[in-house]
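Comments concern the structure below.
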Amino acid sequence: MENLRLLIPEIVLSAMALLLMLAELFIPRRHSRILLHLALLASAAALGTLGLAASNPAVYQGAGSLWVVDPMSLFFKVIVLAATILVLMLAVDARRDDDAHLGSFAGLILLASAGMMLLVSAVDLLMVFLSLELISISSFILVGFERGDIKSAEGALKYYLIGAFSSALMVFGISLFYGATGTTHLLKPVPQFGYASSALFLLSTLMMLAGFGFKISMAPFHLWVPDAYEAAPTPITTFLSIAPKAAGLAMMLRVFTKLIPHPALEMTALFSFLAMLTMTVGNLTAIRQNNIKRLLAYSSIAQAGYMLIGFVTADAFGREGVLLYALAYLFMNAGAFAVAIAIGNEEGYELEAYDGLAQRSLGLAVVMAFFLLSLAGIPPLAGFVGKFYLFGAAVQSGFYGLAVVAVLNSVVSVYYYMRVTYHMFFLPPRATAPAQMGLYLYSGLALAAVAVILIGVYPEPFLSVVKSSAEMIP
Amino acid sequence: MPILSLTTFLPLLGGILILFIPKERKDAIRWVGVGSTVAAFLASVYALTLFDPGLASPAPLTLQMVEKLSWIPSFGIHYFMGVDGLSLPIVLLTTLLSMAAAIYSMNIEERVKEYYFWFLLLEVGMTGVFCALDMFLFYVFWEITLVPMYFLIGIWGGPKKEYAAIKFFLFTLFGSVFMLLGMLALYFASNPHTFDMVELARSHAVFGREFQIIVFLAFYLGFAVKVPAFPFHTWLPLAHVEAPTGVSVLLAGVLLKMGVYGLLRVCYVILPAGFEWFLPFLVIIAFINIVYGALCAMAQTDMKKMVAYSSINHMGYALLGMAAISPTGFNGAAMQMITHGLITGALFILVGVIYDRAHTRDISAFGGLGAKVPVYAGIMSLTCFASLGLPGLAGFVSEFLCFLGAFPAWKLYTALSVSGILITAAFFLRMLQKVFMGPLNEKWAGLGDMNARELVSVLPLTVLTIFLGLWPRLILDIMNPTLTAMTKLFPSLFQSVR
Amino acid sequence: MIKHVHWIALLPLIASVVILLGSRDNTEKSRLPLLGVAVMGWCLLHSLLILAGVLSGRAEVPFYRTLPWFEFGGFEMTLGVLIDGTAAFMLVVVTLVSFLVQVYSLGYMHADPRFKRYFAYLSFFSASMLGLVISSNLMALFACWELVGVSSYLLIGFWFEGDAPAYAGKKAFITTKLGDLGFFVGLLLLFAYAQTFDLKMLPLHFQMGPGHMPAWVPTAVGVLLLCGAAGKSAQVPLFVWLPDAMEGPTPVSALIHAATMVAAGVYLVARTYFIYQAAPMALEAVAWVGLITAALAATMAVAAYDIKRVLAFSTVSQLGFMMLGLGVGGYTSGLFHLTTHGCFKALLFLCAGSVIHAVHTNDMRQMGGLSKKMPETFITMLIGAFAIAGFPFLSGWFSKEAILHDVYRFSPAMWCAALATAALTAFYMFRLVFLTFLGISRDHPRWEHAGESPPVMTVPLWILAALSIFAGLALEHNGIFAGAVCFGPAAAAEGAEAVAHAPNWLAWGAVGAFALGLAAAWRLYGTGDLSLASSLKRSLAGVFDILEDRYGFDRFFLALVRASDSLAAALYWFDSNIIDAIFVDGWALATRALAEVQRFFDDFFVDGAVDGVGALTRDGGLGLSRLMAGKVQEYLLFVALAVSLFATFIMTR
Amino acid sequence: MTLAHYLALSAALFLIGLFGALTRRNIIGILMGIELMFNAANINLAAFNRFLHPEGIVGSAVALFVIAVAAAEIVVGLALVLAIYRSQNTVYAEDISLLKG
Amino acid sequence: MSALVFYSLSAVVLISALGVVLLKNTLHSALLLGLCLAGVAGVFASLGADFLFSSQLLIYVGGIAVLLLFVVMLSGRSSELKLRQVNDQWLAALLICAVTFLGMRRYIFEAGTAVLTASPQPTTAALGKLLLGEYAVPFEAVSLILIAALVGAVVFSKARERKP
């Protein structure tokens, strides 16, 4: 049995998930918030064990047969866990119809994050497929969790149908891959010469791409995003918009740049077209939204588009860009959603709820403005450093067209981000009471704000972390 | 003692201090706001005393009061601040105009706390742009000026303020993102990769001609939006008309200079081949700016829009002076930045004075105010004459130097651009005649003359305008050595203009 | 004594600032204007001493002192004084006329509410004019040139309550500014090739022979400087502002539009004569401009009825004469006429001022028979008229005769035209005097009310009258003027010798023209019955209309202004509708359009190409319309579409 | 029988499933279509295992996992369908469109 | 002989699959789905994958098909039987299937030449060793997926109290 010590964090999480589901039966509904606190504890513990892995790499990094624990996977595991912790903090304060099934709610979140951590370190297509399925199924349920409202079940169903459909495509792709290579392992570098022309291999990679594209909401497969995001309870929307996207991208980085390098298959043009399409579609459709959750949904599609730039350049510099942008994206998106929850709790998620926020509570308005500006890529905030790195990668490896489209997209994105500040700063307030927030929400918000400003102003420590964790074992 | 960082970040200190003052205590906020602008101005004056003009040497950039500490080592980015003959006067101009605008803005009543917070943040960005010598730092300060200006125009502006604010933001951002791409291209083309302007300036021979042209165009797009050069100027009149008085003083007085400064500091020094290729187009754009701007100003009825279009005209002179790559031309362009800042800053304050009283800027709505408000009429006429280039006032000297420098190289265009002076004289005099002369329009019988606050904010600018007109040695001695050295940087290039 | 010449310009400047900012009280009671008059008196005294020094040869001429003003790009701009004979005489003329006008204004402007500010403007004007005269640097000269233009704008539009003065002031400034553009480009061209503006160094550049600068440069500079001179000295195309400038107070007209400012153009040509020596074509241009201006202005003066407009046209004509003098190589004669003209034209304007002061109208048709009411003004005006018309042995005769002499030497045809103009000059001057003073009064109440002006106004008239009589004699006596004011030693000798052997009938020609003009004026206006004049006017109605219309120059410039206004409006429309639309709204439009296309693409394609079938009816449940984009199956179709595109991508390999 | 026959069979089954998923109006029909696609993939896996890579049994192992996962998915799918049926009492795809695009 | 077996099995599979997709009555299509899955099990048998044959029969035919049948009966209503079961985007779907088939045809011919070599051996023992050996972690992952699905089913089907 390979050394399971490598997978201790996943084991801790899944064990706690099962425990929570069980505990739900015994703890009365009034105290069910404890379960969320327990979940928080578990993910903190998992993060702790990751610390161990980082402290002495010899012991805790290595390759199993189907998975590998290397600096990149550790980096993304930290991001996934950070996202989980932030989401659980938001969940504690987010208002819900009833506190039923909180145990399974928290359990499913932990299961999903365990799935993501597996996905990040998977090098075998079967492993990839199973972890994707684990994430998908738990998130189908989480999206439909708020059963009181009809729309949530509908959103969940849409998300499920497209999810199932895409995984069917992916499975077919995997079967073709198995046909072409005889194995689902990706460790052995696939001989490039023969496959560039074989239809079997190409069709398999493209079919698999459908499954992966669905998970990171790439352009042709992104249509489920707005409905699912709007239907899901906001903490889950935050979770969906960050963690699976980051994990999916990590897996695509590993699969399509290292193991089946897409330049060898002359598919770079296709991928850069998909990146451009994702950005443009995300930004353009976001212009017309006036529901904050849908706006942030489309914005997260656009952000995925930007991250794909690092994936298109397929070199170490591009990879570091994706890592850095994922980190910055985690904090700015979580922050934006935290504010959305703080406002959403009272006045709902339409943009009109933000009218005159600057006069009601200036601090919250300025923080939200910082998050939006960072998402738009305005210095001196984290978003700018991330975009700077990615555009640099594009310019360095000669993708000038892609860089120009990306740059124009970020100008367009400013338009709809500024529509929110327009509501907050320029319009008179409707309600006069300042927005109040729970303790967890407040601390989550503060953490995100500090991180965004810190990465923006002094990005050096983050850059060195990103540089060191960009190399992969195989 | 890091004097430049002090000048740049003192307002930030003031801004943070303001955040802690409760919203209701407006006076305390106002005094802290004005106090920090005054402190920044004193710091910049102290920097002036430290500055030794004679130090310019033929090396690409000889800097003084340099502060250099590594900021992002993995990219080789430094917090690199320094000043030379070209940038010190503009820093002084920035702090002076910010002080004048802050004093004038003490009449803002609603949301004073936010106003001064964004105002001071804007000043940090502006001063930083002129001191920064690392491309990354330059770009960060450049973008820092965008957000406060967006809020300042959008919250305290005129009727169409939201549209003006977002138009300003998107337009400038559109230009600056191309600048970002140009900067990245420079970074990856230089070996070892660096953002440091001094290294880039030294290694300009490394870049091929086509590369320099493309990167120049990227930078030019960013700077042309700010100058504003002909096709990219449509945001200026709207932003000026809608911005509150104090903000439009800074917008005209300082933000326009970032474009011209950028062209001189970045495009000329680092991308000479690109600059040389673009020269004939630059002259044509300068000519269009001058004549087109002046003619559009003539067609205006709104006083503020007229002054805005006249800024396009004046910036055309600076571009013309620059297009000749002669020491006289560069001196003219650099001095035009300072004098235009002083004069147009004063003009906007004066337009604000009458707007606060009459709540209209329509020229034809006034008449015969000369007798009613003599002090205001006197200062306004003096500033208008300075703006149309009356000798003995600052405007003339810089205009004259621009034309003097540009004439030997571009005889036809300079001769044609001289007509701009006449058109400028025409619309300013028409405005003076319609507002101050003729029978008194009884609607304004109750109009009061300028009060102490307005006088304190405009007088330093007027006195400086007169003083620089009579004794231009004050700035020219600082600028001349640096700019003469700059023109000698590329003996092989610019043959067409020698 | 000459060492302090720069104070002559600086003291009035300081005085003007002190007066302007001195006391708040703007009316007559403040004593500050007297300070202005005193300062001007000191300057007059000082200039006389300098002139004496120059004439007696004690002062080193040309006196040249400079101090560095500012450096720019390797060149150095200096500020300094350069005094030669011409400058000395100009100093005296300017200070004299300015002093007398200020004394005269104490009386003339006593009732004005902004009395103090008027004197501040006058001192400021004198300071800038004196600065122009003494400056050694062409750029400083240009600076003073513009400051003179501004002070004339302020003084013409002094009574700005009225629309006419305000408009006249603006018109004056813009028209002179139009001329100044030429001057400005001339300076640029000069600097491009000579790299200096210093009037002492420049002549060397122009004598260095052909190699130093291309041949066309001196001519171009000469012509361009002529444009500036034409603007300021109201020569042919740009004279339109001078008749309207009469809206200002009369002492202002006397000072600025008679003696000093308008002479600046002539002085500029004199000061830069070395350029014109190197460019004979430019010199001839000066001559022709002068001749045409003199002729046209004289004819227009004949048709004018406003007393001040007649004098204005007369000034334009006399300036034409000076330019003609300079143009034909008569450097000395041109400047001699400038000096004498300064005295008697100021005299005529001041007399006109005292007449207007008395009858409160400018229109000669409402005057007549005032000689009995205003004897002193009548006599002094008569002396002025005799001087300007060329009565022998008066100052006007000497200078005009010298000019005619030089013109004859240059080209007899031009001499005939000049002679005819001289005759016309005599005619319109005496027409003015007879219409105003002789004959019966045509507006009795005004006549009743008229009375002689107070001594503070009449004394300056007597002084100027005396000068008009004796100045010519004094300066002509043993060639004092010719000696001091000449372009280089050789020219002086050649000038004096030419006078000696000219044909003797030439001198009598000028007197004949004078007599002819006087007789014609006497016949038409002297005898009191104006029947012949009015009948003549009816028969020549066509000619009179053209003259009244000032040969259409005014209409031309008005049309020019309207054209530029419409061009401005068109450009502004173009700017806000086309460029703004393309760049900004276009951009927003583009993104909106793309968004719409994207949404359309969603609805149309994802809706299924064959949407014909009606909505499915259901019992119960939600009757939502089919078009809601939220349908899940279309998303599946979209995904499947992507997969099929991938398949085609494969097939293409 | 050659591999081509089996591949043709699985391709046909896949496409029929695809067509069913895209066109069935009843959500359960869509689920059935997706089931068919999963089975097509299994046939592929088994066929490749038998013809191209007889030495290992990775193919059938993966097929086994696929069967298990498909079962899990269908369970969640049907649960969702029942939940929606009880709230909107319709199972027709067109009507489920409260969320606008 | 094996050709006969293959063709009959594939006929069963394809015809019943078409039935599932085209029949109006959802109940009939659910039944036909069961038949199709059984056919697929037969195909596994013909390919010598004995364990797969049995698990397919057990899980798919026994489990999923039956479950589908229950759900169809639970949610179906007689009035809906006569409704048209194919929505209006069938033409687009047909086009897409055709294009995809052309793409697939390429690889079918490319890989189709392989012919049967070794005879099939029993796979159950090897599968067992594999599942508990190399594929231990995927095995655990599948268990997690199943638990998640279980919890999901419970959450969705529990009777919801009506919100006031």
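Couple of notes before you dig in:
Chains: A, B, C, D and E, in written order; residue numbering restarts at 1 for each.
As a working rule, a residue touches a chain if its C-beta (ideal position, glycine included) is under 8 Å from a C-beta of that chain, and two chains touch if they have at least 3 such contacts.
Note that the structure is predicted; figures quoted are calculated from it, not measured.
Counting steps between touching chains, the shortest path from chain C to chain E takes 1.
Shared contact partners of chain A and chain B, listed by label, are C.
Centrality annotation: B (chain centre taken as mean Cα position, compared with the mean over all protein Cα atoms). When the C-beta contacts at D-E and at A-E are tallied, the pair with the greater total is D-E. Comparing the centres of all chains, each the average of its CA atoms, the largest separation from chain D belongs to C. In this assembly, C is the chain whose CA centroid lies farthest from the centroid of chain E. For this pair, chain A with chain E, the centres built from the Cα atoms lie 32 Å apart.
Centroids of chain C and chain D (each the mean of its C-alpha atoms) stand 95 Å apart. Chain C has its Cα centroid 35 Å from the Cα centroid of chain B.
Averaged C-alpha coordinates put the centre of chain A at 27 Å from the centre of chain D. Residue positions of chain C touching 2 or more other chains, listed in rising order: 599, 616, 630, 632-634, 636-637, 640-641, 643, 646-647, 650.
Of all residues in chain E, those that touch two or more other chains are 83-84, 87, 89-90, 92-93, 96, 100, 103-104, 106-107, 111, 135, 138, 142, 145, 148-149, 152, 155-156.
In chain B, the residues that touch at least two other chains are 170, 174. Here the chains touching each other pair up as A-B, A-C, A-D, A-E, B-C, C-D, C-E, D-E. Those residues of chain D lying in contact with chain A across their complex are 10, 14, 17, 21, 27, 30-31, 34, 37-38, 40-42, 44-45, 48-49, 52-53, 56, 58-59, 61-62, 65-66, 69, 72-73, 76-77, 80-81, 83-84, 87-88, 96-99, 101. Taken in their complex, chain E has these residues touching chain A: 103-104, 106-107, 110-111, 134-138, 140-142, 144-145, 147-149, 151-152, 154-156, 158, 160-161, 163. The residues of chain C lying in touch with chain B in their complex are 69-75, 139, 142-144, 146-147, 150, 153, 157, 160-163, 166-167, 170, 173-174, 177-178, 181, 184-185, 188-189, 191-192, 564-565, 567-569, 571-572, 575-576, 579-580, 583-584, 587.
Touching chain C in their complex are the following residues of chain B: 167, 170-171, 174, 231-232, 234-235, 292, 295-300, 326-332, 368, 370-371, 385, 390-392, 396-397, 400-401, 403-405, 407-408, 411, 414-415, 418-419, 421-423, 425-426, 429-430, 433, 436-440, 471-473, 476-477, 480, 483-484, 487. Taken in their complex, chain A has these residues touching chain E: 1, 7, 14, 17-18, 21, 64-67, 97-98, 101, 104, 107-108, 111, 114-115, 118, 126-127, 130-131, 133-134, 137-138, 140-141, 144-145, 147-148, 153, 176, 179-180, 198-200, 203.
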